[in-house]
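Structure below; questions to follow.
Chain naming follows the written order as A, B and C, and within any one chain the residues start at number 1.
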Amino acid sequence: MSSETIFVLPGDRIDASLIPSHEKKPLRLGPGLRHVPPSDLVPTLAGQLVTDRQKNAIRVETANGRYIPRVGELVIGTVNKSAQEVYFVSLSDYTAPALLPQLSFESATKKTRPILLPGALVYARVTLANKHMDAELECVSASTGKADGLGPLVGGMLFTISLGMARLLMMPKKAQQGRLVVLDELADAGVQFETATGRNGRLWVDSDSTKAIIAVGRAVQETDEKSLGVDEQRRLVKRLIKELS
Amino acid sequence: MAPPAAELSHLPKADGSANFSFGGYTITAAVNGPVEAQRRDENPFEALVDVNVRPAAGVGGTAERQLEAILQPALRHLIAIRNFPRCVVQVTLQVMEAPENAYVNSKVMQPRLNLGIIPSLLHAAMLGLLTAAIPLNTVASATCLAITNATAGTTIKVDPSPTEIDQATSVHVLGFTAGRDLLIAESEGSFTAEEWDRVLQTAENVCCRGQETGNDAEMGGYGAESENVLQFMRSVLEAKAAESLHWR
Amino acid sequence: MAAEAGLSRSTFAKLSPHPYLLANLEPSSDSAAPTRSNGRAPFEVRKPTVNLSSLSHAHGSALVRTGDTTVICGIRGETILTEHIPNYRASNTQTELSDYDLLVPNIELATGSAPQFLPGGPPTTLAQTLSTRIYSLLHSSKLLRAEDLRIWHKRAADVPIPADGEEVMEESDGEKYVAAYWVLYIDIFFISFDGNPFDAAWAATVAALRDTKLPQARYDPDREMILCSRKDPRPLTVASIPIACTAVIFTGKETKDQAPDGKFWLLADPDTLEESLCNETVTIVVDCAGGSRRILSISKHGGTAMTAKLLGSKDFLDWASKRWEDFASAITGTRL
């Protein structure tokens, strides 16, 4: 990742030297950029311009806003209703529901497919995202037929977090560079819990004790809302542990 | 006049929100979207833009409808509406504070259009849209000008106070995109073609001053003491991005 | 080219109005001049016709027709005693019109004037916006003088006066004051609607105000009311004739992502179809009475094709002046 941070506003001119040029790989445009023929890139969002020269990719990084589905992203959805062959799954409030075929679960057949009631949570991958069509989801890898951790989430609670926090939680530990310690600290303090994060700004937490679930969820939400630093996160965890015991 | 002030993402429930204050006006913008449009309004090719202006006191009337009618086409032009068919982007602009004018009866229904408020409404809406991460084609800013005919000749006042607007022979609101294209023009009063030319030039200088070069020192001419609103928006958004993306 | 595709002209126009208008404006052969779907040249306007005093019960009225847009405006004066005006101040002689709401415009888009107007329901946004624009332009253009709407009265002297000598005595003593005002109810009614409502509605308002004759009114202190007489009504003083000129900008593309040097057409006096195909509109209100051109209002929104340079250009302003002449002669012509 590039060290310099460049802030762009919609319509800004991006200097050609910032656009990665790789000999073989095609240039990949992430969210927040628009290609204006023949060769101009114009930002459409206000945020930091991020270039990845290894992957030959460029995007604009933002932390707020509403989730817009993109292919390949992992999301947590709430089942709204069930139709003949699909579940209607809500990814964010007041948007058109995404479709989850009832057979796209691991080893699901007409007889063995999971029955999900309205309100059930699923961890799924976006397989189709097109502005003219409703998004589609899957809970099984189409190539391997394995669930890879996807599927219904049973028990637990769902918390809403910002898109930036969701991205941070889903990053590999190395990329986080130790900036987010709240979950590790909680675990080190002996709280047992399980989490799943969706790119649509949803955090699912499960534990044996309801108190622990709420403590973990609130801790992440507070870290998110107040943009807590590492020390503040540690202090927050200490306070929560005291309240828990 | 006090420099502009802004607060971003201060409403927890809205997708994007901003508080913008300048020249005695304080506007809170809440932006939600893109969300599903109602079946009977939806457009299969583009997103609808729904602008709602609420006055500081009471419910909106015809004057607010007209402000909406001025702002809606401008925002519609800025938002990449074709990316979100069958959706709606809601922009709610709540007037929190308006400057008091001791010389005018505080009637609910003012006969003249409140032109002075339009720049603040537009800037609040811009900040709201940007914090909601709604794709825009470009950004825009606007300014209000008043021409006063004194014995010493005509003078153009940038960002006039309500009293100055009241005494002016003509009042103008002009909005420009970052690419120096004229986006909004609203004028009333009585003026000549020559005055109109001067107004256009002054407004373009105010809105677009020094942004290509990014050079603050080059601010000359009109209203040099006030910061360019686009530069102001850029700096608050940059600070906000740095804060919320601090883990980068 | 439509015929080759097996479509008749009218089918093509109905199916895809946007490409149809574009094809008309950009004819494939050089011999054909660019025209609009309605047969007009891009800058050609619909000729206005004005008919004054068509309503018998209003104090003034005018019917304005441009193409298929027909508007009738009726003006009715009502009196209000100053003692009934809550915020009345005798010292106020500058802003009476706006402070006491002496001008009350209202616009109605009649059911049946166009297919999109349905019966019932509250006034549409369009009607609300139009009436606000008329209202603010009435005040900002300073079309009317407050003096025409004042009803004066001379306070009787303390000494009781014989009834027959009243007029003689009043001139000598007793102070003159405003006892009441005329309130003008300006009702604008669309009989038929085919685009460009503001120009027609405003022209009808100006024409009707010029046609308005208010009855002679005097205050009767004994009965504390205003008495009017039918004898020689007094016309309002409307010195200027501000005229609104509207045009829309057709960019030839349904998407907004046009090239910066994109071609566009300025379509003057648009009809409903053209209004629905264009995002950007510009309205300029000019008054060229007495040879000098004053701009009273400019309003432009919805896009950026109309540059600042073009908006201040001589061609555009000359077009507005030309349209002013048309309208002004239509308004004054019928009266002569």
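What we mean here is this: contacts are C-beta pairs under 8 Å (C-beta built on N, C-alpha and C of every residue); 3 or more make two chains touch, one makes a residue touch a chain.
Which chain is which protein? Per UniProt: A = Ribosomal RNA-processing protein 40; B = Exoribonuclease phosphorolytic domain-containing protein; C = Ribosomal RNA-processing protein 43.
Please read all numbers here as calculations on a predicted model, not as lab measurements.
Compared with chain B, which chain's mean CA position is the farthest off?
Centre of mass proxy via C-alpha means gives A as farthest from chain B.
Comparing chain centres built from Cα atoms against the global Cα centre, which chain wins on proximity?
B
For chain B and chain C, let me know how many angstrom lie between their CA-based centres, rounded off.
28
Between chain A and chain B, what's the gap in Å when you average each chain's C-alpha atoms?
It comes to 34 Å between the two C-alpha centres.
Centroid from C-alpha atoms only, then distance chain A to chain C, rounded to Å. What do you get?
Those two chain centres are 55 Å apart.
Do you know which chain B residues sit against two or more other chains?
Expected reply: 137, 177, 179.
Show the residues in chain C shared as contacts by 2 or more other chains, in ascending order.
Correct list: 257.
Which chain A residues reach two or more other chains?
None at all.
If you look only at chain B, which of its residues touch chain C in the complex?
Chain B residues touching chain C: 45, 62-63, 65-66, 68-70, 73-74, 76-77, 81-82, 105, 107, 109-113, 137, 172, 174, 177, 179, 181-193, 196-197, 200, 204.
Spell out the residues on chain B that touch chain A in their complex, using ranges where they run on.
Within the complex, chain B contacts chain A at residues 9, 12, 15-16, 32-36, 78, 80, 83-87, 130-139, 177-179, 230, 233-234, 237-238, 241-248.
What part of chain C is in contact with chain B in the complex they form?
Chain C residues touching chain B: 87, 97-99, 101, 103, 125, 128-129, 131-133, 135-142, 254-257, 260, 279-280, 282, 287, 292-304, 306-308, 311-312, 317.
Please name which positions on chain A make contact with chain B in the complex.
Interface residues on chain A, with respect to chain B: 1, 5, 7, 9-12, 32, 34, 42, 44-48, 50, 61-66, 68, 93-96, 131-132, 162-164, 168, 176-177, 179-180, 225, 227, 229.
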